[in-house]
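Going by the order they are written in, the chains are A, B, C and D; count residues from 1 in each one.
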Amino acid sequence: MVHLDLHLKEGKTSYVAIGLEGSANKLGVGIIRHFPGPFSTTNRAEVLSNIRDTYITPPGEGFLPRDTARHHRNWVVRLIKQSIIESGLKISEIDCICFTKGPGMGAPLQSVVIAARTLAQLWDLPLIGVNHCIGHIEMGREITGADNPVVLYVSGGNTQIIAYSEQRYRIFGETLDIAIGNCLDRFARTLKIPNEPSPGYNIEQLAKKGSKYIELPYTVKGMDMSMSGILAHIDNLAYDLFNNKKHNKTIFNDDGTPKVTVEDLCFSLQETLFAMLVEITERAMAHVGTQQVLIVGGVGCNERLQRMMETMVLDRRGFIFATDERFCIDNGIMIAHAGLLEYRMSGKGFDYSDTVCTQKFRTDEVLIKWRD
Amino acid sequence: MPSATYSSPSDTQTFQTSHLQKSQLTTQGKTSGPSEFVKVDRDQPSEPADNYYGDLRCKLTYLQDELNTLLTDKMQAEKKSKDMEEAEKKLLDGDDGDDDE
Amino acid sequence: MLSVKIPQFQQSLQIYYFENVENSTEIRTKLLSGQDSHNFAFVNPDVIFSKEQLLSACYRALLDYNSGKIRTRSIHSEIIFCLGSSGNIVDSLTRFGIKEDGNRLIILKVIEKEEDVEYTIDEIVKGDNKDLDDALLRENVDFKQMQKAYKFQPSLSNSAREDFKETDWSLLLRKTVDLIQLRGC
Amino acid sequence: MSDELIQLAQSHLQNIPLQVISQGAEAIVFTTKTHPYLPTSKDSHTEYIIKYRPPKKYRHPQLDATLTKHRTIAEARLLQRLTNIPEIQSPGLIALDARNGIIWMEKVGYELIDYDDKISSLKNWLWRYNDNQEKALTEEIKIALEKVGCMIGKAHVNDVIHGDLTSSNIIITEAQEACLIDFGLSYQSALPEDKGVDLYVLDRAILSTHPKYAEQYNEWLMAGYERGYGKDKKSLIKLKEVLKRYEEVRLRGRKRSMLG
């Protein structure tokens, strides 16, 4: 059993961390409190505040790093202030400041690191850099109580199947090209549907109205998957549908009427991509021999994905864990939580020269000191 | 009083903020606005507070603008001189059509 | 006579092997005219070298038969079709079915229920009823016809049956079973 | 283990006594002493493997039927392909029921008496010694891993891509020979890229399943792999190409931008 309280300061009865997240288009600030001792059903992390603001792009556009970074710069102080007020804490009660070190987009990451460094100097507090994916995993575990799950991490920038082994979160399978969220977003752009509240959400709503399954490529390679071919394929179908290319018999009847709708395309895309995800997750479960699955990341909110995963897991007599949008969409609280675990193990912050960010930062690079 | 210094082997420039009038202080930077893709700007910076920090914010915005402008100009000049050099080379050596790009 | 029950299916099989057959032409004529008395699978032994080969085809035929997916008229013609590796029914029936001038014959009967047996094999075939035995089959198999039927790679035509070792026979069997099971896939 | 799925399998395999040996993600694997069509004597100890791909309720029925049939046939075809490559040991195909996702094949491997009678997959075979560094890195293990690598090399020379190279999908026979199983995701390809990815999948599987000794194990596997290509000039050129792609895929994997 790992001892989490070797560095508990005298006179303190708990630890508090503030976390700043801004690796993509969401800016999140969260404040968390841990009490000494291992986590259990009676000793849970306490969420004191968890707020977020999302940079929304015009329809048909992806988010530009420059505008996203500007969004983060211009909102971060307001969010931090609001977060402190919500928590009801005095600054002096905070133990450390945690920020997303990576992976993510350079400019938005940088703007948040600068905010974190500034706060650290203003308040004279240690700084902890956190791997974004580890943040998702640890927060998911804490919220759901999943003890040793296979983790499916699905978001705009990531698609990984992860399992813990020997103090690392090891990547069992991942995308060989684009991430699932990116694939859905890009198809949303092809369809020119709104980016609000999120492109993936809008695809999900359209898919609910679809019913006809159109066969798409299905590309699982071992435990890895590939999605760019599927995207290209369905983009072409959408193009032919919009431009009335009646020679395409997959989508047009002989009399020239369309066989399929945009909703059917969304439905088929989801069915195919999610079947691949569930399949790889099941393979990882069988391989590791665990009965638990935890879904984290923005795409994890998708109800169809959750239902498919649940069906698979129940067939294996297992347990599925998922969090709601407060925790599965990028947020500051997860950065605070994972950063605080790191802080409790080391008792100090990062050297100032290490308080930088990096666009590429693999999940399995982090030594998980707080688990056996 | 904040200031910024740019230095390289060939050039050193310092930017001051002491000359700034109250009316010149703003959080709306010339070089930190939205891109042309943004139609509705929801992400304007907030107005500066009437205190030391508000003052500091505005001055930093000013310094950032100055530095951004300087760096952009330098990059453009560099590109231009490189283009000129290449054009000159072409003129003197003839175009061998062996373009790597 | 060899009686075989394939566990998965309710049907069972009765298998005969005849040498010195005198009435192949007559059998073939009656078979082609569709006489009920000749509701059997009459197989050309020149292209059969193992019981396993035969039964592998029977398994496939019964599987398709019991799922209502046979491609020929009856279970008996389906067995002959299933012995082959090609999707061409006529071709397989020609190569694996009874030869007009053949003096050896394998006969299979699919029995739906035990009590339904109501034939006498000697009334149908005139010849010497022998035990079906792999050694006997191997001794008489015709590699040229086998090669034409299965198109093995490398070709069997260049091999002499006499030089075949046990490992060669078992590799040949494995290849044949592969072809039978994967026909049309 | 889901009884419902076993009952479903039994309904397609009437009168066949089934004993579950594993429920993988994709298939349930049974053993039985009953041959599907050869008469079996009562005291026979020969066992057969039945691999059953049950329908997956989570996916669209149309997609499910296509995938099940396609994969069952693809696996049987691979077994057929391997029959024709004598250097590669693989189980022989006995029977195929593609509509119901069933393949019958020979059983390879044996029970590890010093490891709870578990099947002699490379995974179990290596895990026996996981807690004993001396035993985990012996000459015996080196030779076996080189054989495994060599056979994968031979498969690649013949353009067979396994597609799911994990230590569970490799059997060590009683004669300490390597034997490949589970061709559920296999396909044929001559592309160095596909071979590189195949190797990368193995590399990662070893890393995640045998993290303690992964570096050494992978080194031995790769030494065997190179041997599997043979020494003639043409093969060496091909080998070089594959290794180059493998290195690229590894770098792509490690440093892949987390942004799409």
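Here, contacts are C-beta pairs under 8 Å (C-beta built on N, C-alpha and C of every residue); 3 or more make two chains touch, one makes a residue touch a chain.
Chain labels with UniProt names: A = N(6)-L-threonylcarbamoyladenine synthase; B = EKC/KEOPS complex subunit GON7; C = EKC/KEOPS complex subunit CGI121; D = EKC/KEOPS complex subunit BUD32.
All values reported here derive from a predicted model rather than from experimental measurement.
S.K.: Hey, which pair has more contacts between C-betas, A-D or C-D?
M.R.: Here the pair linked by more C-beta pairs in contact is A-D.
S.K.: Determine, using the mean of C-alpha atoms as each chain's centre, which chain is farthest from chain B.
M.R.: Using the mean of the C-alpha atoms as each chain's centre, the farthest one from chain B is C.
S.K.: Roughly how far is chain A from chain D, centre to centre by C-alpha average, rounded to an integer in Å?
M.R.: So the centre of chain A lies 33 Å away from the centre of chain D.
S.K.: Distance-wise, how many Å sit between the C-alpha centres of chain C and chain D, to the nearest whole number?
M.R.: 34
S.K.: Express in whole angstrom the distance between the two chain centres, defined as the mean CA positions of chain A and chain C.
M.R.: About 62 Å, centre to centre.
S.K.: Name the residues of chain A that each touch 2 or more other chains.
M.R.: none
S.K.: So which bits of chain B are touching at least two other chains?
M.R.: Answer for chain B, listing residues that touch two or more other chains: there are none.
S.K.: Please list, in label order, each pair of chains that touches.
M.R.: Every pair of chains meeting the touch criterion: A-B, A-D, C-D.
S.K.: Enumerate the contact residues on chain D facing chain C in the complex.
M.R.: 13-16, 34, 36-39, 73, 76-77, 79-80, 83-84, 86, 92-99
S.K.: Quick check on the complex: what are the chain A residues that touch chain B?
M.R.: 55-58, 61, 64, 66-67, 70-71, 73-75, 77-78
S.K.: State the interface residues of chain D toward chain A in the complex, per the touch definition above.
M.R.: Residue list for chain D touching chain A: 1-2, 5, 23-26, 56-60, 62-63, 66-67, 163-166, 168, 185, 197-198, 201, 204-205, 207-209, 211-212, 252-260.
S.K.: Looking at the complex, which residues from chain A come into contact with chain D?
M.R.: These residues of chain A touch chain D: 24, 102-105, 156-158, 163, 165-166, 168, 170-172, 174, 176, 178-179, 181-183, 186, 213, 215, 218, 220-224, 271-272, 275, 278-279, 282-287, 308-309, 311-312, 315-317, 359-362.
S.K.: Taking the touch rule as given, give the residues of chain C at its contact with chain D in the complex, in rising order.
M.R.: 4, 6-9, 51-52, 55-56, 58-60, 63, 67, 69, 153, 171, 174-175, 177-179, 181-182, 185
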